[in-house]
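Chain lettering (A, B, C and D) follows the sequence in which the chains are written, and residue indices restart at 1 in each chain.
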Amino acid sequence: MKNTAILLIDCPDQKGIVAAVSDFLFRHQANILHADQHQDSDRGLFLTRLEWDLTGFGLAIADFGKAFAPIAEKFQMRWRLELSSRQQRAAIFVSKYDHCLADLLYRHESGELGCEIPLIISNHREAERLAGFHRIPLHVVAVEEMGKARAERRQLALLKENEIDLVVLARYMQILSAEFVAQYPQRIINVHHSFLPAFSGARPYHRAFERGVKLIGATSHYVTETLDEGPIIEQDVVRISHRDQLEDLVQKGRDLEKVVLSRAVRWHIEHRILVYAKKTVVFD
Amino acid sequence: MKNTAILLIDCPDQKGIVAAVSDFLFRHQANILHADQHQDSDRGLFLTRLEWDLTGFGLAIADFGKAFAPIAEKFQMRWRLELSSRQQRAAIFVSKYDHCLADLLYRHESGELGCEIPLIISNHREAERLAGFHRIPLHVVAVEEMGKARAERRQLALLKENEIDLVVLARYMQILSAEFVAQYPQRIINVHHSFLPAFSGARPYHRAFERGVKLIGATSHYVTETLDEGPIIEQDVVRISHRDQLEDLVQKGRDLEKVVLSRAVRWHIEHRILVYAKKTVVFD
Amino acid sequence: MKNTAILLIDCPDQKGIVAAVSDFLFRHQANILHADQHQDSDRGLFLTRLEWDLTGFGLAIADFGKAFAPIAEKFQMRWRLELSSRQQRAAIFVSKYDHCLADLLYRHESGELGCEIPLIISNHREAERLAGFHRIPLHVVAVEEMGKARAERRQLALLKENEIDLVVLARYMQILSAEFVAQYPQRIINVHHSFLPAFSGARPYHRAFERGVKLIGATSHYVTETLDEGPIIEQDVVRISHRDQLEDLVQKGRDLEKVVLSRAVRWHIEHRILVYAKKTVVFD
Amino acid sequence: MKNTAILLIDCPDQKGIVAAVSDFLFRHQANILHADQHQDSDRGLFLTRLEWDLTGFGLAIADFGKAFAPIAEKFQMRWRLELSSRQQRAAIFVSKYDHCLADLLYRHESGELGCEIPLIISNHREAERLAGFHRIPLHVVAVEEMGKARAERRQLALLKENEIDLVVLARYMQILSAEFVAQYPQRIINVHHSFLPAFSGARPYHRAFERGVKLIGATSHYVTETLDEGPIIEQDVVRISHRDQLEDLVQKGRDLEKVVLSRAVRWHIEHRILVYAKKTVVFD
């Protein structure tokens, strides 16, 4: 397993930021593996992601904050330090359609997703066998029967118990309350089965079919309190024609949804995403 | 030049249509070059496009309608017969951005678009040199100064004089009145610089940039009286990232617009498009 | 389940084929659901695929051949009739990489692939748990230990016993002998992890990485006796950049392989593919 | 016009490079606009591109080399400094197919390509009118009549006279000699009408058609002495089907060629490309 540190920074753009940060890391013998930065000139913002090998790094992680504070203050940085050795803990929410769930679990098992998945939460029993195969507990929270408020309290309790960092909505067909979303800001990823902002809301494939579009899409995004309006992480499309019936759209769309959601999850757990101005920067 | 006939039919779906039509053509010695058909089972519709060589065809074009009438009546067909030898006459409307115009004129000159372009209409003078190079008259109709009603009367007069079959809006930034559109049903093609229905209306690149989408698109469609709501003919997209600024979107988008508009024009003049239920069937 | 008949024809192109066939079907009350045809003017070939509902069809399937013979003879047709009610029986071959296998099994279980999968054959034990989850027998045929000739005899015996129609090589890393291939002409589908004909043969990702290509691809094709030279069924690509290391190519490629192979399998079992002149026609 | 400096560096990777360079730039008040870097861990290489505003930069360009020398030496850098105010001078070579030429000239005129184009060289007269429209001298060098050696001497003389930085082969159908190529290392860009390394050499569309590929491509690359083997700058593909005849491939391919070549030219003149290990890094 990798043993690296990842430093994510955003701050007002000004001269000397890179010099200060890279000098700091150099003085502590950081062997930088990846560095990427982005400047938004309209907003005067500077954003960067730096990843270095912790082998030979001359500063204890516990001391990093104190040592870095003068630079952070000088440049008014918002920053966080992540360790690749500490795996993120993700909970997957699913309803009846399980293609994204199956896809994520396969990728997880084959080592493509470097996170832990301590639990799956569903409002249905359908995913039980699949969860069992992957040896991950499935918790059925029957939203319709319990009522949303009670169900969300139960879900949140499960998330706390399991120390969840990231919630992945893998075609979870319930809308989360603003209160729920507020507990996990920029830590809930949803996949919407359209090319947002086209066909936000319900039944996007039906509406795409009726509108006669020539491409269909899928979008993964962070969930905010406004439905389908959160920062977009990834999108992709596939060509269709008049020969494709509604069920063909649904089928072609499934492959998009899987790819688009799994990329978003991977980038998130690799700490590649910074959100600003309702948009994402994905450092690759 | 090709000397073919193209028969386009739509009618309620029932048994025996293909047998009747193909038997009719066979009896008149048609050498069929292309045949394509589409059935919309939801609506119970049958649509087809047949193209055959007129060399050796045993029926005078003038007599086709009468000879075909019994079949057309029996199956309640809407049909039309087009001749590849009769070139469509297209007028191009343009405002200041001339990349689509330049692209269409180049394709026309190189033989890729088998139509005549007897005139260009613009609300600006910018395109004069380009039109001159391609030896096509440019008519400046100053919409802002004349007022829309008067300008459209002038434009319509020019279209009649020139016996125009097809109006191509090549980034023409004025909205045509419902009365104008009604004169050329399914014969006005527009390019919109977004992936419709996302970002319909004004300033789509700006709004795409602000929304933080990861792909931008362009759409060519028939113009109807409702803005950006006409049947979509073609769409395409290109990937962008946070590194792309607004001007990069505009630039990448130009290449999409050119391709998407020119395909629509070509398919239209080759009589490949049938419209039904607010959608297009593009026979390839 | 659908209860349709599918008629696939190829023959020298001449006038009257469509008229004769459609008249034949009409006389027997066929309710045609899909019809597609292709003419290769260079080679003077006509190919078609017709699918009709068997409900109300006025000819017993057993009598079809005899009734259709005069037309088939007159036009020198090669033809076959397939029934959607008779599911194809597919065997999947796999080695250590199981992403295509997992993908196919998931699609099969979710109803996307309308075939039976009576067995999986592997030269390794790795897929055992996955096969078990999907309740499909896995037969380990240890090619390296047994020697290829003996292993292929064992494999062929398994295929015969299980009345296999189609062999799917889902990243099966052994090369089949010409004798084996000859037993299943146009009935073995392989996925190659490059955009053929680029990087045919071994280690395509390594070679793509070294060559510095900007897109990587995957190809599904029928297997012939010449490695990676069989008729191509489907291809797709994904963009890469200098930031992608070899392992990123491998990972991105996996998603291509899954999509490209599963499409080919689906089209094959839906009898959508005709092979001629070392190429495929895929009727959609 | 932009007034920026662009510093391109490659050197063995080691700690402290970024710190040293960014500190150097900071000490001279550089306002960095873009910075991108790439590390090739296999080869132990570090590559970077830095662009900063020259307004307020505290070092005369003439003194840069001397001031930067200690850092360059310490890290064994190969580096160069480019000024956006100094426009590159590009010569376009063309034969009979002029779609790439027309595309480049249009982009140039519309301001998309920030270079000068002092001349066009062709072995035919066809492009004369187009060159004239864009007010660029066309020099006809009749390779077939003069013989290649004499023709290349004439071409090289024209390039020297016009102080050409970059040679763009816009579907120039003659193969340049190794001697010619050696005069402009990594400064000759060609477009090949296939997805290299597939179908290198002659008649790629014909061979793609015969092979039955499902996508066709185009590739822009630096020219080296080995045909079609130079470092790839950009590639793109478009989907085709059995319905596409050879002429459709040629037509669809033209749109790819234009896009792929123009991107390469733009990236080159914006100093975004570094070549190493026969591959390109394209800094975006």
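Keep in mind that, in the parts below, a residue touches a chain if its C-beta (ideal position, glycine included) is under 8 Å from a C-beta of that chain, and two chains touch if they have at least 3 such contacts.
From a predicted model like this one, the values you see are computed outputs, not experimental measurements.
Participant: Comparing B-C against C-D, which pair counts more contacting C-beta pairs?
Facilitator: C-D
Participant: Just the number, please: Cα centre separation of chain B and chain C in whole Å.
Facilitator: 37
Participant: Could you grab the centroid distance between chain C and chain D? Build each centroid from C-alpha atoms only and quote it in angstrom.
Facilitator: Chain centroid spacing, chain C to chain D, equals 42 Å.
Participant: If a residue has to touch 2 or more other chains to count, which residues of chain C qualify?
Facilitator: 41, 241, 243
Participant: Determine the shape of the graph in which chains are vertices and touching pairs are edges (line, ring, star, complete, other).
Facilitator: Shape = complete; every chain linked to every other.
Participant: Taking the complex as given, what residues does chain D use to touch chain A?
Facilitator: Per the touch definition, chain D meets chain A at residues 15-16, 18-19, 22-23, 25-26, 29-37, 39, 41, 239.
Participant: Which residues of chain B touch chain D in their complex?
Facilitator: So the residues of chain B touching chain D come out as 98-99, 102, 106, 110, 112, 129, 133, 241, 243, 251, 255, 259, 284.
Participant: In the complex formed with chain D, which residues of chain C make contact?
Facilitator: The touching residues are 38, 41, 195-199, 210-215, 217, 231-237, 241-243, 245, 277-282.
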